[in-house]
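Across the two complexes that follow, subunit A remains constant while its partner is subunit B and subsequently subunit C.
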Partner chain A sequence: MDKFSVLLFSGLTNGSVYGLVGLSLSLIYGANRVINFAQGEFVMIGTMSAILFMATYNLSLPVALVLTLGVVLAMALALEFAVYLPLRRRGAPPLTIMIGTMAFAITTMGLALLVWGPNQLSVPNILPMEPMTVGPLITNWQQLAIIGAFVAFLGLTWFILYRTSFGLAIRATGVDPKVALLMGIRSDRIVRFAFLFSATVSGLAGVLIGPLLGGQISIGVALTVKGFMAAILGGLGSPFAAAAGGLAIGVAEAMIAGYGNSLYAEPIIFLIILMILFVRPYGLLGDFEAARR
Partner chain B sequence: MRSMFRNGNLAIVLIVVAALILPALLSSGYQLRMVSIIWVFALLAMGFNLLYGITGQISMAQQAFFAIGAYGFAMLQARLGWSPFAALPAAVLIVAGVAAVIGLPLLRLRTHYLAMATLAFSLMMVGLTNRWVEFTGGSAGIQIPTITMGDWSMSRAGLYYTLVIVAAIGLVIHNFIISGHLGRAMQAVRDDETGAESLGVNVTAVKLRVFVLAAVYAAVGGIGFGLVSRQVNPSFGEFPVIVSLLTIAVVGGLGTRFGPVIGAIVVVLAPQALARFGELETLIYGLCLGVFLIFLPNGLSGVMERWGTRLFRSRPPARQPVAKNVVEGGAR
Partner chain C sequence: MLQLDNIRAGYKGTEALHGVSMWVDAGTIVSVVGSNGAGKSTTVNTISRLVTTYGGRITFEGRDITGLGPAEVVDMGIIQVPEGRQLFGPLTVAENLRLGFHRQRRVKNREAAFRDKLDYIYDLFPRLKERAGQRAITLSGGEQQMVAIGRALMAEPRLLLLDEPSLGLAPLIVEKIFDVLSGLRAQGLTMLLVEQHADEALALADYGFVLSVGKVTVHGPGVELRSNAAVTSSYLGHAGAA
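Right after this comes the complex of A and B.
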């Protein structure tokens, strides 16, 4: 039972981060049909900024959080104005824009290398990391905070999408951008919101996961790939399906590593995802998108 | 059409002549190694160009086929004691077989789903090569001996000339396919699958053929890279290779005839100049990729074609070859 709960919580923690990246990817995809290959870099910048502001400059937690948010939001605007808008204006297809976001990711890593260097830095943890027991389960505050943030962001996304008129506009753009434009929805703003909201989600995920992953500028790529997988596994069309996909990947990864073969856990996960895509080409919960074709 | 064809052939002859003279101008073995790698990456990029630039099917498994080709070549020699002349075609056949087997189910997927699935395949392969130490040699990899036959053994320069010839043959086939019947069918598949199908194009067959062909190009490139590096290790299949490949495709020009070669020349040689910038290298790499994507969407090849059009007025204006309408129903 102890082993199970430790595995479950570490799986849920990693899965929450994959899910949050997947949710971010899916929100942007819904607004403009582009996969943002730099999404993991937002997590990385969140982690590294937390180190910069909390450890290097020794600022208090609220100030550091606000500054970190400022950094990732500025980064989102840079992505939109320097990569997305110029490419869109030139009529580039979505996959070319995806390669553009990859260029942005490489540039971000290059900048981060200049600021933080290639070595792994220790990340200050906001919450205590000592193990504690909740009923029969063993966990710690940092893990609970990440899972809590996952649930909170999921709720917030649901609220925005289904309980506000702005959310209605986002969903309309997702269904058909042209018709949405004809109805007076400014799709540029929807896209900007998607970029900014996703950056916030991923940046905060970065602040929280930092102490568990370790602060290194190369963590972004792996997170982008896992988040991408989460989104594809669930189905790109819905942010909630993407989040569920992330949880599934995280828990499966932890369970295979714990009870099966820890060495081959990662290849096995990729194999399972490949098999699922053979059987369900639009992801496990992706009927929505399949029906639209 | 005929004159364009002849112009294309003239360009290939010029490239080959220049490439064959080049070693006389180089001073060190390191430089020879660098120019050999140009042709390796040109081969890899030709396959990707056929698959993504012309047919519009993205694959993030090219580096996996690159690695499988090199591993097959190395392991058939090291584990089974085959001669390199038997191991080479066998390794290429293995890759073609693997590509056909995974291509058939995967090519039902489109755009981002296809990208993800192929990425999952290649990550799985890299994971295996890293972990299955007793079979693949783990992260240390496997040595690849120099090709020998009797007393004769292939020198670095000999390897370079062989690579130039193989790449030239690859380029001729690449250009022949683009201008031929299959090329038209591929472009039709890229622009509108349903439309292509209604015109009598067997979409599944075209996709699968190009997927296997691109894998074969990658495998030949991988074997070449193994011979140049004298070993194979898991880094052959890792992320930096696909980033280089994408950069070559974008810098050279997607869907153009000479884009892969021009892109490979620039992308292999540019980091040599950038190495002087030390830590700035990654940053400049990313910025260049972005700048090319935005300001020169048809790559250097597109720029050259424009100059060519200006010089020889008789040639038709350059088409817009970048994959369009890959996703239907997208915002446009």
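Right after this comes the complex of A and C.
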């Protein structure tokens, strides 16, 4: 039971981060049909900025958080203005823009290498990491904070999408951007919101997961891939399905690694996802995407 | 109210309209008829600014709108009911209607104004009130057309563009839709109606334009066009014979 509980929480923690990346990818995809291959880099920059502001400059937590948020938001605007808008203006299809986001990801990693170097740095934890027991379960505050952030961002996303007029406009653009335009909805604003909101989500996820993953500039790529798998497994058309996909992958990964072999965890998971997609090509919860056709 | 001067327009370098001039006076229904591929939809989409214009000028209430984008034209009150209805399928009927209200997002007492408008639409199409919570994709073709028209009316159009509202609907439903349109004219709404069912469209219209291969060939009052032998034989085809 102890082992199970430790694995479960470790899975839920990593899964929350995959899920938040998946949610971010899904929001952006809904707005402009682009998979943002730089999304994991936002998590990485969140982690590394936490090191910079909290450890290197020794700033207080609130100041460090605000500055970190500033960095990831500036990064989102850079992605929009330096990659997305110039390509869009020239009539580039989504596939071309995806390559643009990949270039942005690699450039970001290169710049991060100059600032932080290639080695793994220790990331200051905001909350205590000593094990504690909650009933029969064993966890720590840092893990609970990540899972809490996951739930909070899911709730916030749901509120925006389903309880505001702006959210309705986002969903309409996700269904059909051209018809949304006929309603007078400007997709540019929705795209900007999606980039900024996703950067916030991923950046804060980075601050929280940093102490557990370790601060290294290479962590972004794996997170992009797993976030993307999460979105595909759950269903790319819905940010909530994408988030659920992330949790599923995180937990499966921890269980397979814990009870089986950690070397084989990733191949086994991707194999399982492939099997599931044979049966449900739009993802486990992908009826939204399917209904669109 | 709306004026097209010598418009040349098309998609991706292929010109589909070769110098089209037409006009719509306030408070009237103007019908544009013609066979498949004559450029009817292109005309509507040119006015909605979804199509590239290569030459000519479009003015709306005295303002040149040729250089504007689709959303800006909507803000001015030119609202389109697109061909094939184009509802947001996974969204509910009520949500589709609310999206039509997007143009009104800056009015005072927005929620009250929205409720009023919604009540007006539900009076016009009582069926939609029963279906308010259903996904639009689950509705019949006729009901979907009601949502499409209702959604456009939510925007409080100054000029309503209708692209083939009868497409794919049973004759009885078509008749109902045309009844609603004639009711809207009685309320003073200005409309540009594009239709393959030329006979019905011209019967409803104050004025009509016949489009053929991207050019206006004949125009005149609706009744006149309807009885014009040349129009009947060449463009109304089976409709005239029926």
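Details
Simple rule for what comes next: the second predicted complex is superposed on the first by the 293 of 293 C-alpha atoms of A that agree within 3 Å, B and C clash if a C-alpha of one lies under 4 Å from a C-alpha of the other, contacts with A are read in each partner's own complex, and residues count from 1 in each chain.
Just so we're on the same page, a contact is a pair of C-beta atoms (placed from the backbone, for glycine too) under 8 Å apart; a residue touches a chain by one contact, two chains touch by 3 or more.
Small disclaimer: the values here were computed from a predicted structure and weren't measured.
Judged by the number of subunit A residues each one touches, B leads among subunit B and subunit C. When the shared chain is aligned, subunit C comes close enough to touch A:A172, but subunit B does not.
Touch criterion not met for A:V251: it reaches neither subunit B nor subunit C. Looking at the shared chain after the overlay, A:R186 reaches subunit C, while subunit B stays out of its contact range. Within the superposed three-chain model, A:R90 lies in touch with subunit B and out of touch with subunit C [touch as defined at top]. On subunit A, the surface patch touched by subunit B in one complex and by subunit C in the other comprises residues 176, 178, 292. Contact residues on subunit B toward subunit A in their complex (touch as defined above): 52, 58, 105-106, 108-109, 111-113, 115-117, 119-121, 123-124, 127-128, 131, 239, 243, 246, 250, 254, 279-287, 289-290, 293-294, 297, 322-332. Of all residues in subunit A, only 29, 32-33, 35, 82-83, 86-87, 90-96, 98-100, 102-111, 113-114, 173, 176-178, 187, 221, 225, 228-229, 232, 236, 263-264, 266-267, 270-271, 273-274, 277-278, 281-283, 292-293 touch subunit B in the complex they form.
The residues of subunit A lying in touch with subunit C in their complex are 165, 168-169, 171-172, 175-176, 178-186, 288, 291-292. By the touch rule above, subunit C contacts subunit A in their complex via residues 48, 50, 70-71, 74-75, 79-80, 82, 86-91, 95, 98-100, 102-103, 105, 135, 137, 151, 155.
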